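One structure, pasted below without further comment.
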Amino acid sequence: MDASLIISNFLNPPVLFFFLGMTAVLVKSDLEIPAPIPKLFSLYLLLAIGFKGGVELTKSGINQEVLFTLLAAMVMASLVPVYTYFILKIKLGVYDAAAIAATYGSISAVTFITASAFLTELGIDFDGFMVAALALMESPAIIVGLILVNLFTINDDREFAWSEVLREAFLNSSVFLLVGSLIIGALTGEHGEEVLAPFTQGLFYGVLTFFLLDMGIVAAKRIRELQKTGTFLISFAILIPILNAGLGILIARVIGMPQGDALLFSVLCASASYIAVPAAMRMTVPEANPSLYVSTALAVTFPFNIIVGIPLYLYGIELLWS
Amino acid sequence: MDASLIISNFLNPPVLFFFLGMTAVLVKSDLEIPAPIPKLFSLYLLLAIGFKGGVELTKSGINQEVLFTLLAAMVMASLVPVYTYFILKIKLGVYDAAAIAATYGSISAVTFITASAFLTELGIDFDGFMVAALALMESPAIIVGLILVNLFTINDDREFAWSEVLREAFLNSSVFLLVGSLIIGALTGEHGEEVLAPFTQGLFYGVLTFFLLDMGIVAAKRIRELQKTGTFLISFAILIPILNAGLGILIARVIGMPQGDALLFSVLCASASYIAVPAAMRMTVPEANPSLYVSTALAVTFPFNIIVGIPLYLYGIELLWS
Amino acid sequence: MDASLIISNFLNPPVLFFFLGMTAVLVKSDLEIPAPIPKLFSLYLLLAIGFKGGVELTKSGINQEVLFTLLAAMVMASLVPVYTYFILKIKLGVYDAAAIAATYGSISAVTFITASAFLTELGIDFDGFMVAALALMESPAIIVGLILVNLFTINDDREFAWSEVLREAFLNSSVFLLVGSLIIGALTGEHGEEVLAPFTQGLFYGVLTFFLLDMGIVAAKRIRELQKTGTFLISFAILIPILNAGLGILIARVIGMPQGDALLFSVLCASASYIAVPAAMRMTVPEANPSLYVSTALAVTFPFNIIVGIPLYLYGIELLWS
Amino acid sequence: MHLAKKVEIIANSFELGKILECLDKSGVHGYTVMRNVAGKGLFSGPQDLDFTMLDGIYIMAFCMPDQVKDVVGNVRPLLNKFGGACYISDVMEVRSTKCVASL
Amino acid sequence: MHLAKKVEIIANSFELGKILECLDKSGVHGYTVMRNVAGKGLFSGPQDLDFTMLDGIYIMAFCMPDQVKDVVGNVRPLLNKFGGACYISDVMEVRSTKCVASL
Amino acid sequence: MHLAKKVEIIANSFELGKILECLDKSGVHGYTVMRNVAGKGLFSGPQDLDFTMLDGIYIMAFCMPDQVKDVVGNVRPLLNKFGGACYISDVMEVRSTKCVASL
């Protein structure tokens, strides 16, 4: 069962193109997707997934189920950085531990989107409001990470403006575009969905596939840096996602999410941010070593989730729900 | 009626994403659509609208109605810069007045395209040859503007080559691509339409939406500059479009255009150029202050037309035609 | 018959937009498709054609017909540079002759793709494994070209690493993406085709059209350089493709290819590389003058094949097959 | 032609706003910015964070020789905090006068 | 290594053709162009006209010291008319010889 | 502030890897790269090969005065083979100290 899910995931075009990208780097092909094309793809994916979520949200309305899910999302986003911080402190200093913890508390939208494409292919439904959970879980970890740094360092001259930090956390381009598209989707509803369908739905799978080709290249380029990272962090980058996903699945079971939503929620818990949080950390905790938090999230956790994690978590869910 | 049109316009994805873009700048989010992606979108839109217009032109053929419309377009494009010049001279010098007048005599293709998407959504037909009117109205204002400068300044050493000016006016990339696509559309007809449909039609609405997100960002960034512009120009930038649209509607009524065409024609009259004409003016009238003619056209007139103007002019047309 | 094919080819949107691009340069319009948009289009086209080929390959399986075709492809790719080298040596030095010979031994994917779109429009079938032939024919000419240089020069210090040359030949981005997409297409089969269809099939014709607009601009910019090239090379750039296509058609007839495949094969033989091979030659034979091998391939052979060659070869095939 | 100084700053794009403020404060009102530069410094790995959209920027400002001290004083703390590089050199300015309405 | 001069010109992209002509006329046949630079000058507002596709360009030409006078004489009128900046500095050239057929 | 040297190299992008290796070998570990520059040199035609994705690159490395000789020695053979240009000039470095964990 597990293996068949992994294989069926593996034989998806997006995952295969992700591999192709990694292979390109390994065999030293000069294949590259020049900037800003990957940016175009990621903006498109955020717009499309946000818009779709908003449309579905109008259909379902806001009920208890929605509120519970969003609450669970907030809780996990605030909790994960706290306990991962203490795990990381075993081997690392305050700055690095806090920055990595923030990275793993936050989420990766691409992993979420890949999981949603996987569900669509298997014919498993999921709710539109999960996109709201995605949006909600991106920012809190940044705040928690900074609080950790402030608590555990004697820092007389850490003089960053909180207003700037909050803006970076809640108004960075991905959160902003996602939430904005969600609201617009909710406002325009089915009519909007219809007129935008060839764009936001027709192309979705193709753009995701193309984008994962680039992500494969980017992730593989980071792999070399893992040598400096050490085994502790590499194990961390595989085991913590599994732990987080497990916790997410339990919570999902407790509040009675359907299987599709549970998978997306566990994937959110399991994924780590390699864009928004690193940017915020570089700005506010320049003492932390960026190659540690970027490389683990991008070169280990991201591929792990895309290839093994998503089908694995779904397997777990199928076991627990049946 | 008016209000309901405005609201129905406002709740369109393109207009909402335009707002989202403006909001991004206001709340200082770092959302941006990096160059050259907006250029890709605008080339696509010109190609698609030109091609569509050409195909329809083959279907309808060239008849009296077409000729009258194109004649009206030429007249308005030459007349508007003249009378706006004299209005502007009340407060401004010759150079600035001529440059702004040229800007308002010309057109904004994106405003036209947004209006056509609005009509499509309301189920109101319009003719393909309106795209020819669009193409025709871009250039004359540049020539008129330069004639005004030459008439009203004693300019012994204004030594620009007219050949260069004419090339800039008639062969700048947007006019060229629009007219070229129109001709190709006319040549390939329905067969061409069929093979290109998923590209030129399927994606049209989505690309327009995405592009207006960027236009919102660009327009909002310009708003700050309006402080230096003064109330005179800001009022100008709202009232003159209404006046021009009103004149356009009257002419449309006189020559008996159907409602859809009348809206597009009034929108052409009301809109101002923020690409081709500013480029030409900067080159040929470097004495004029670019921030005056770009900011009014882009930060006032463009948003006004997109949000209020289009439904307002349609309201006027519905009143007059019924 | 011939003329009607040429006209029907000429009235295709892709070919017309190619002309539009050339016209833009001739009339000095400032129309341009800024980098990296053309790169995006060409990556898309390679991905889409490779994927489609892979899917079809699974359907047809690998049989004798496939093997014969691929063998013929290999033979032509190795043979063409040899005999063109000796033709070129009549007027040129070793370095230039070898570099140009390599260019004409290799292929142009865009010409192939345009030919496949032409076949699709005429309703003529072709096999998916032709994409494999396309991939196979890109690299050998590079190797043959270098062998020629090594044979005919006394080169004590030509110290390029063969490993690097082989990587450039077989792992350059276009070969890599094409082969990778082919394999993925073969792995995911019809299921993958279905989910990617709106992206890889719906947009295909439109993107090709848009891309040929850019190719027209690029080719026309090169035309000026042809003055330095001389009549010998210009005649070469028209006659050799016809000769190569003729040979290709004969071979196709001998091994019994269907008409569609025969056209694609002859187009492969007739086309010349203006990307991969020039890059490899510049790196490994810096003594050769790049403007000779790039300009002939891009400004003469490419337009010739797109406009006249494709329908001409098809005409020949129709004559021979009937 | 007369003597001027060229200030070159390489930094991460998120500092752009702050650096331009510094220049302004120091009385340097002309500058040119190039985006999407990549690099390696004393502290950053190669193309570090390249994917995180924090691309490098290169700022070039030509100014009067006596403004250099102010610029350096204002920019140095920023570079100390976030990394980056700043170099000064001598140039000759070709003066131009432009006929713009806003003059 | 021997002495050479570096000419740096910042201007709007629509002047590119004319500036390159100037360089050619002055006997300077080597240059490098970077596109899409943004900036602020004495006369233009920040990122002025950024949307109008008239993006800034940066031209860099290394030349013989005795060509500088010609370049300046030819380029200055252009800058006076359309805006832009031009600076000259000293550099050492690392001579290279290339084995190209066209030599 | 103290004296440093600026090394500017213009070349084709496929040589980038080799040039960076040369810099590294010469002990120069800081550099900045700009891509997609176009140009014309002694040997290449205008925008030669522009379409073939072999776009120009501009490399800028600030280094110690005594490293220049090594850099030149290492880079020159590359330029001789593939074309390109290299220039050296004087700059003043604004020293910065950065608080990064990896220090």
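Letters A, B, C, D, E and F mark the chains as written, and numbering starts fresh at 1 in each.
Here, a contact is a pair of C-beta atoms (placed from the backbone, for glycine too) under 8 Å apart; a residue touches a chain by one contact, two chains touch by 3 or more.
Note that the structure is predicted; figures quoted are calculated from it, not measured.
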Most remote chain, CA-based centroid, reference being chain E: A
Can you name the chain that lies farthest from chain C, using the mean of each chain's Cα atoms as its centre? D
Taking the mean of the C-alpha atoms as each chain's centre, how many Å separate chain A from chain F? 38
Go ahead and note the Å separation of the Cα centroids belonging to chain E and chain F. 19
Which parts of chain C, given as residue numbers and ranges, touch two or more other chains? 35-36, 39, 173, 198, 202-203, 286, 291
Which parts of chain F, given as residue numbers and ranges, touch two or more other chains? 34, 36, 81-83, 89-90, 98-100, 102
Note: in the complex, chain B contacts chain E through residues 35, 39, 173, 218, 225, 274-275, 278-279, 282-283, 286, 290-291, 294, 298
Chain F partner, complex, touching residues on chain D are 8, 10, 34, 36-43, 56, 58, 72, 75-76, 79-90
Which residues of chain C touch chain A in their complex? 35-36, 39-40, 43-44, 47, 51, 167, 171-173, 176-177, 180-181, 184, 187-188, 192, 195-196, 198-200, 202-203
For the complex, which residues does chain E have touching chain B? 12, 14, 36, 44-45, 48-49, 51-55, 81-83
Within the complex, which stretch of chain E touches chain F? 1, 4, 6, 29-35, 60, 62, 89-94, 96-100, 102-103
